[in-house]
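Structure incoming, see below.
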Amino acid sequence: MKKKRFAITNMILALFVLTVVLPIAVMIVWTVTERWAWPDLVPQVLSLRALSEIFRRSEALAKLFASSIMISAAVAMASVVIGTLTARALVLYEFWGKRMMYFFTVLPFMVPATVFAMGVQISFIKLGLNNTVAGVVLSHLICSLPYAVRLMMDGTAAVGDRLEEQARVLGASMGQAFFRVTFPLLVPVILSSFSMAYIVSFSQYFLTLLIGGGQVKTFTIVMVPYLQGGDRNIACAYSVIFLGITLAVFALFEKIAGRWGKNTDTEFYT
Amino acid sequence: MSLRIEQLNVAFGKTEVLHEISLDIADGEFVSLLGASGCGKSTLLKSIAGLLEARTGKIQIDGREMNGVLPEKRGTVIVFQDLRLFPHMTAGKNIAFPMSIQGIPKERQKETVERLLGQVQLTGYENRKIREMSGGQMQRVALARALAANPRLLLLDEPFSGLDERLRAEMGELVRKLHLENGLTTVLVTHDKQEALKFSDRIALMSGGRMLQYDTPQRIFKYPVNREVAEYFGRMNYIREKGQEIGVRPFDIRIVPSGNDGMVKDIVFMGETAEIRVDTPKGEVFCMLMSSELEAMDMSVGDRVGIEILRNVCVGMAKTEE
Amino acid sequence: MRKRIFALLLAAAMVLGLAACASSGHNDGKKSDEKVSGESSSEGAEDMTFDELKEAAKGSTVTFYGWGGDEVLNQWLDDVFAPNMKEKYDITMERVPMDIDQVLSQLSGEIQAGEEDGSIDMIWINGENFQSAKENNMLYGPFVEKLPNFEEYIDTESEDVTLDFAYPIDGYEAPYGKAQMVMIADTAVTPDMPKNTDELLEFAKNNKGKVTYPALPDFTGSVFVRNVIYEICGYEQFLDMEADKETVKKAVEPALEYLRKLNPYLWNEGKTFPDSSTTVDNMFADGELVLNMTYDAFGTSVKIADGTYTETTQSFQFDKGTIGNTNFMAIAANSGNKAGAMVAINEMMSPEIQADRYDKMKVLPVVDYNKLSDEQKEAFDKVDLGKGNIPQDELLSKRLPEMPAQLVPVIEEIWLEEVVGK
C-alpha cells in the first residue's frame, strides 16, 4: 500500500517536471540559443543577441514593467475591494434580485472577452475612456472581477457573519468588526483573489490592445508580437522576464499580506 | 440594569418568529428563557442585543428606548452557543478585544485580562491559542470576554450545551457565581428545565414564538397557566374528581396498600426512585415514589391498592402578580 | 431595513464595474463637439502645402501602428527613425506594435463610435487589408502627391507603386519597403536547388517528409501557392480575372493537380501543414525541414550573421521568377494628426532613410535608383548584402506582380478544399 502511494507521488512529480519544469528550463536555454537543430542535445550556436537587445532596452522595459505592475495592482486592488463587498452582499444579505446579481457577476466567466470586447470598446470610446489607463483598468476589471467575487464568496461564506455579530455585541462598530475580525481571517482568500486578479490583468492582451489602443502599453502588449513573430530567443527572453517578474511580485504580495495579517492583532503580549 | 420588552414582534421575511413578547427584568435579576429548540429564545436574545430588528413593539433598557440603537451601543453582550471566539487571537487577546475597542490603555487591559482569567479559573492562559483549548476552557474564555465588555446585560445563549453533564453543572455554578460577584443582570437561554429551575430568579417559558408564562421557579412549577407549561416541568396525571378534572404530579400521589381504588399494572425500578402504574376506573394513574418506600410496601403487579392525592397542581389558575 | 439598503449599495458598487459591458454611452454628442472645436493640427490638412504641414506638425506626436514581431525593425524605428524625426521636425514618433487585423478592428470601432481625434495616425498595411480599409472609408487620402519625396525619388508610374495586389492605390498609401518571395535551403544539406516546379517535386521526393509550406491563409504559404500557380498556369491571365470561384478553380486546376502530386512527399504526407511561416522558419532552423520560404528577400544574410542559419544557407528563386509586392504606409481617416503623419511618411521615403533600412535590415528600397544623385546612389551601392542572398538586380529581374487582392482569399479557399490531405 505504502509502496503504491509512493509510486503515485512519483508519477505526479514526473508529470510536474515534464509539464512545468522542463518547458521552463528549455525556455531559459533558448534565451541564449540561435540554433538548436535536431537531433543534437545541446544548442549548436549560442549568442547573447537576445539578452543584449533586451538589455539595451532595459530602461524602457523598466518603465514598461512599472506601468504594467501599477495597472495590474490597481486592477487587483479594485477587484479585491469590489469583490469583497459584492461577496458580502451576495453571501450575507438577502435582497431583491440577488440571483440575477450573482448571475451577472459570473457572466464574464461564461462569455469570452473577445465576444464583449467590441461592445466595451465602442462604449468606452463614447465615454472617452479609450486609450486611457483608467479605461484599461476598467476593462481588466470586467475579466478579473468574476474570479475575485467567486473566491471572496467562498471565503466570506467560510468566515460568515457569526464572528462579526459577536464583535458587535462586544462593542465594535460595523467597520471595527470587519477590519479587526473578518478581515484578518479573510487575508488568505484576499491574497488569492488579489493574485488571481493581478495575473488576469497582467496577462490580458486582447482587451488591453483594444481599449488601450496600443497607447497604454503593458508588458504583455509588447511581448506578444515577439511570441507571434517566431524569433524564439527574444520571445523566450521576454517570457523568462515575465515569469521572473511575476514570481517576484507574488512573493512581495505574500510578504505584505503576511505582515498585514500580523499587524491587525493587538500586540501587547509579544 | 433593567430590561422591559413590550409586545415585541419579530419576523424573518414573511414568517413571524416572535409574537407579542412582553418581559420585564429587574436590575440584578437572573432570568432563564426556557423552551424547546426553535421556540424563538435565541431570536429574542438577538433582538434584545440589537442583532435583529423588531417589526413592532418596544425594547427598553433602563427606561431608554432601544429601537434603532446599534448593537455596540446597547451594552448587551451575548455569549453564543457556538462561543464565537476569534480564532486568530490568543485567549488573552480575545478577552482584551472589547477593551481595546473602547480604547482602554494596554496596561489596564492586561490587568483586567489577568483578573478575569482568575475569575474563570484559567490563570496563566493569556497566550494560549484558541485551537489548543478544550471545550470547557473555551467556555470560560468566552465568559471572561463577555465580562470584559462590562455588560449592562449579559445574555447567555445555551453556552453549556456542548459540555458533558459534570462540566455543565460546574459552568452553571460559575455563571451563577459571576452573576452575583459582578452584580450582573443575566438572561440565560436554555432548554434544560433543571438548569432553569436551579439558577433562575424567574423563568420565562416560551413555545412557538410566544411567551407561555413568566414567573419564579416555584410558582411556574406550582401554578402553570396551562397544561403545556405544567407538562414541560414533569409528567402529569389528569384525574376526574367530583365532576372536575384536576392535575396531579406523579410524586404527589401516595399508594395505600390497604386501599381498593385500582390494580397495580406495572412497577419499574429506577434506582433511587420507582414508577408505578395503577389502573383505576378513572383511568390509568402514574405515580412515583422513593425505592425505599416501595420496598417497605412489598407490592407486586396485580395487587389492589388505594391511591391518595396529596396535592394537586392548579393548572390555569396561576396568579402571576405577587 | 438599514441592512437591506446597505446590501443594495454594495451590489451597486459592483455593478459599476460591470456596467461598462452593457452601457452604450449617452454623451457621445457632447464628446465629439468638444473634440471638433479642440482640434487644430489636422483641420484642413488637405489645403496645406508641405511646408505648412511641417509647421503644423511641430511638437506633435505621430503614432505608427503595425506588426511588432521584428526586434531589429522595432529597434531601428525607435533608435534611428524616431530620433531623426524629433531632430528634424520636432515630431515625437510613437511605435505601437499591433497586428493589422487588430489595428483595423480598433480603427473601425473608433470610427463607428464617431471618434474624430483618433488614436491611430500611420498604419503599416498592404494587400486585402488596404483594399477593405479603403473601401470602408477608413483611410485618409489621397495624400501621396503632396509629399515631395514621393514626387522626387519614387517611380510614380511603376506598378509597384500604383497598384497594391493589383488594386489601384489612388494616392491612399505611400511605399514603405519592397518584399519578394524567395526560397531558402542549406547547400551543405541539399546542394541542388530546384529551379522550377518539376525539380521541386524531385527535390521533395529526395527529401521525403522534410519539405512543406505554411498552411494558407498564412501570407508566405499563400504567396508560395500563388507562385506555383504562376509557374504552371502563367500569371498574365490572373491580372484581370474576376473573383469568381468557378472561374478561378478552372484556371488553377493544373496547379492544384501538381500540389496534390506533391502532397505524399511532404511533411506529415501533406495531411496537415504548419500553422504559420514562423513555425516553418523554426522547423527549418532546427533541421526538421530542408526548405524554407520567405517574403523577406534579403533576410537570409541577417539570420546567417545571427547564427540562426548555417553559413552554407542560400536563398534562391524559380527561373521564371517569384512574386514580389510592396508594403505601404497609410493614414487613418480619423487620425488626430494627419499633418504629422504626412511629414513622417515623406521622411520614410527619403533616400537617406531608405538607404539606412537597406543597410541595417536589408529591406528592398522603394526609391527609384535612376532618380538618385550619385552621392545617394553610393549610399546604396556600398551596402554589403552579406551571405546567402540573391543579387538585387537578379532578384528584381525575376520579380512577378501580385494577383488582384480579391483573388487571394478565393485561392486560399480552393486550396483548403482541394489540396490539404488530398
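Chains: A, B and C, in written order; residue numbering restarts at 1 for each.
Throughout what follows, contacts are C-beta pairs under 8 Å (C-beta built on N, C-alpha and C of every residue); 3 or more make two chains touch, one makes a residue touch a chain.
Fair warning: this is a prediction, and the values are worked out from it, not measured in the lab.
The chain with its Cα centre farthest from the Cα centre of chain A is B.
Closest to the protein's overall CA centre, chain by chain, comes A.
This structure's chain pair with the greatest number of C-beta contacts is A-C. Centre-to-centre separation of chain B and chain C, using mean CA positions: 86 Å. Rounded to a whole number, the gap between the C-alpha centres of chain A and chain B is 53 angstrom.
Computed centre separation for the pair chain A/chain C is 34 angstrom, with centres defined by C-alpha atoms.
Multi-chain contact residues, meaning those touching two or more other chains, occur in chain A at positions 94. Chain contacts: chain C has no residue touching two or more partner chains. Remark: chain B residues 13, 46, 49-51, 70-72, 74, 76-78, 80, 82, 84, 86-90, 92-93, 96-98, 100-102, 106, 109-110, 126-127, 145-146, 149, 155 touch chain A in the complex.
Within the complex, the chain C residues that touch chain A are 3-4, 6-8, 10-11, 13-18, 20-28, 31, 63, 65, 67-71, 75, 78, 94, 96-99, 102, 105-106, 109-110, 112-115, 119-120, 276-279, 281-282, 285-288, 306-310. Residue ranges of chain A in contact with chain C, taken from their complex: 34-38, 45-47, 49, 53, 56-57, 60, 78, 82-83, 85-86, 88-90, 92-95, 97, 101, 104-105, 107-108, 116, 118-128, 130-131, 138-139, 141-142, 145, 149, 209-210, 213-215, 221-222, 225-226, 228-232, 234. Within the complex formed with chain B, the chain A residues making contact are 94, 162-163, 165-173, 176, 180-181, 184-185, 261, 264-266, 268-269.
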